[in-house]
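One chain, chain A, appears in both complexes that follow, with chain B as partner in the first and chain C in the second.
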Partner chain A sequence: MSARFRAGDAVAVRAAYPPGHIRTPYYIRGKRGIIERLCGEFANPEELAFGRDGLPERPLYRVRFRQQDVWPDYGGTPEDTVDIEIFEHWLEPAAREITA
Partner chain B sequence: MSERVHGHPHDHDHARTFQPDHDDGGPMPYLQVMEIATRELLFEKGIITPDEVRRQIERMDERGRWRGARVVARAWMDPAFKARLLANGRAGCEEMGITDLEALRLVVVENTDKVHNVIVCTLCSCYPKPLMGLPPSWYKSLPYRKRVVREPRAVLKEFGLELPDDVVVRVHDSTADMRYMVLPRRPDGTEGWSEEALAAIVTRDCMLGTAVPRATERRI
Partner chain C sequence: MRRHHDLGGTGDGPVDTRSHDPALWEKRVDAVRNLLGHKKLLTTDEHRRHIEDLTPEDYDRLSYYERWILSLSHHLIERGIFTADELGRKMAEVEAREAKDREQYK
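Coming up: the complex of A and B.
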């Protein structure tokens, strides 16, 4: 599987709430960030959790979010960030209107 | 209860004057029961032995922060090594002879005079165990996991680390297959120190980002 995104690309996390074992935290769903790096390709934890093989492996990224875009009441500086590992199937391209 | 506190005789129960043991609080949780049942079945079927489990626990307990601290000290002394470590954390550890890393995929994040990094796992308690041993209980606690991701500066202040506004705080949430280690800044006043002396001031919390190393903590 070839990676859809590259470092620097703007992405949005899907605002989806399926049942099961999901490694995309609730607090980041629906938020926009910037790809920090591609980590590699890994078995899908949503399948592994149910005893399946999780194949094919899927691209995993580190995505950087501005804290102010994540928490409306964030009390730190505008440049503070949170970096989160997110699988490709949770990401969609986004308009590049933010800079992290 | 008698007002005479220790002019015996008295009628209070000494055993109750102490905090209860943490595993003495009522029925066992479901997952603990399941863990014991699964373990006993594995023993019964001869798949693993009690001694293998004991050895594994002992081995995990013996891995400690000193492994990561050696890596940090080397990175402080050798800029070329530091560059390789930041590019590939696992390869950097292996280069130092730390090879029993299991499936560890390590991302090393560097503190500078402009950036401070802090590590958390909001979903569970992912931690670079092969490099740093078992996590402290606070790292696994809900208050740390819930708060550090949304008010990191307030949490760090409670750890005794107050960061100026011109230092960017980067939280790293270990949500999937990567594990993280902070490469702290080498403190002033450590010029000329040996690698061993440097490693001695790199505490576990320094590598999680909840503290910074200090030359005043010199031990060697």
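Coming up: the complex of A and C.
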């Protein structure tokens, strides 16, 4: 499976709430971040959780989010970030915000 | 909807980071989990699914390895390794044996 995103791409995490074993944390769904790196390709844990093989392997990315974009009442500095590893099927392309 | 185990960002007290020596029963649970992995009878993700499927009350009330016991029990029944009836009878047998031992050595 070829990776859809590259480091630096802006992405949005899908705001989906299926049952089952989901590794995308609740608090990051619907948020926007930047691809930090491709971590590799791995069997899909959502399928492995039900005894299936999870194939084909899917790209897993480390995605960087600004803390102030994640927490509405965040009290730290605007430079603070959080990195989360997220599978490709949870990500969609997003328009990059225009920065001054 | 947020599931109970997925509690990142929800308010709670400080995490107790003190380590402790595992009890014998905890080591046994760990060993069973490892054996099931080696024998390809359980993946990490299946184990996580069973733990995440505990009721919120059980999830909060039980200790780490107590959650594992429930996960492994559900899994082995689901996979047909033993039946709920066999497990229930074995548990009653062990409880009776332990009660007898306590009586004998008190």
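Just so we're on the same page, the second predicted complex is superposed on the first by the 97 of 100 C-alpha atoms of A that agree within 3 Å, B and C clash if a C-alpha of one lies under 4 Å from a C-alpha of the other, contacts with A are read in each partner's own complex, and residues count from 1 in each chain.
Methods note: contacts are C-beta pairs under 8 Å (C-beta built on N, C-alpha and C of every residue); 3 or more make two chains touch, one makes a residue touch a chain.
Everything numeric here is computed off the predicted structure, so don't read it as measured data.
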Will chain C clash with chain B on chain A after the two structures are superposed, or do they fit?
clash
Per the contact definition in the header, classify A:Trp71: touching chain B only (first), chain C only (second), both, or neither.
both
Just to be sure I read the superposition right, which of the two partners does A:Arg62 touch: chain B = first, chain C = second, or both, or neither?
first
Applying the document's definition of touch, where does A:Leu48 land relative to chain B and chain C: first, second, both, or neither?
second
For A:Asp83, is the partner it touches chain B (first), chain C (second), both, or none of the two (neither)?
first
So, A:Gly40: does it touch chain B (first), chain C (second), both, or neither?
first
Once chain A of both complexes is superposed, is A:Gly20 in touch with chain B (first), chain C (second), both, or neither?
second
Looking at chain A, which partner touches more of its residues: chain C or chain B?
B
Candidates 27-35, 171-179 or 189-197 of chain B: the single one with C-alpha clashes against chain C:
27-35
In the superposed arrangement, what residues of chain A touch both chain B and chain C?
25, 27, 45, 70-71
In the complex, the residues of chain C that touch chain A are 1-3, 6, 8-9, 43-46, 48-49, 52, 79
Residues on chain A engaged by chain C in the complex (per definition of touch):
17, 20-22, 25-27, 45-46, 48-51, 54, 70-71
Interfacial residue positions of chain B with respect to chain A in the complex:
105, 107, 122-123, 149-154, 165-166, 168-178
Of chain A, residues touching chain B in the complex
23-25, 27, 39-40, 42, 45, 60, 62, 64, 67, 70-71, 74-77, 79-87
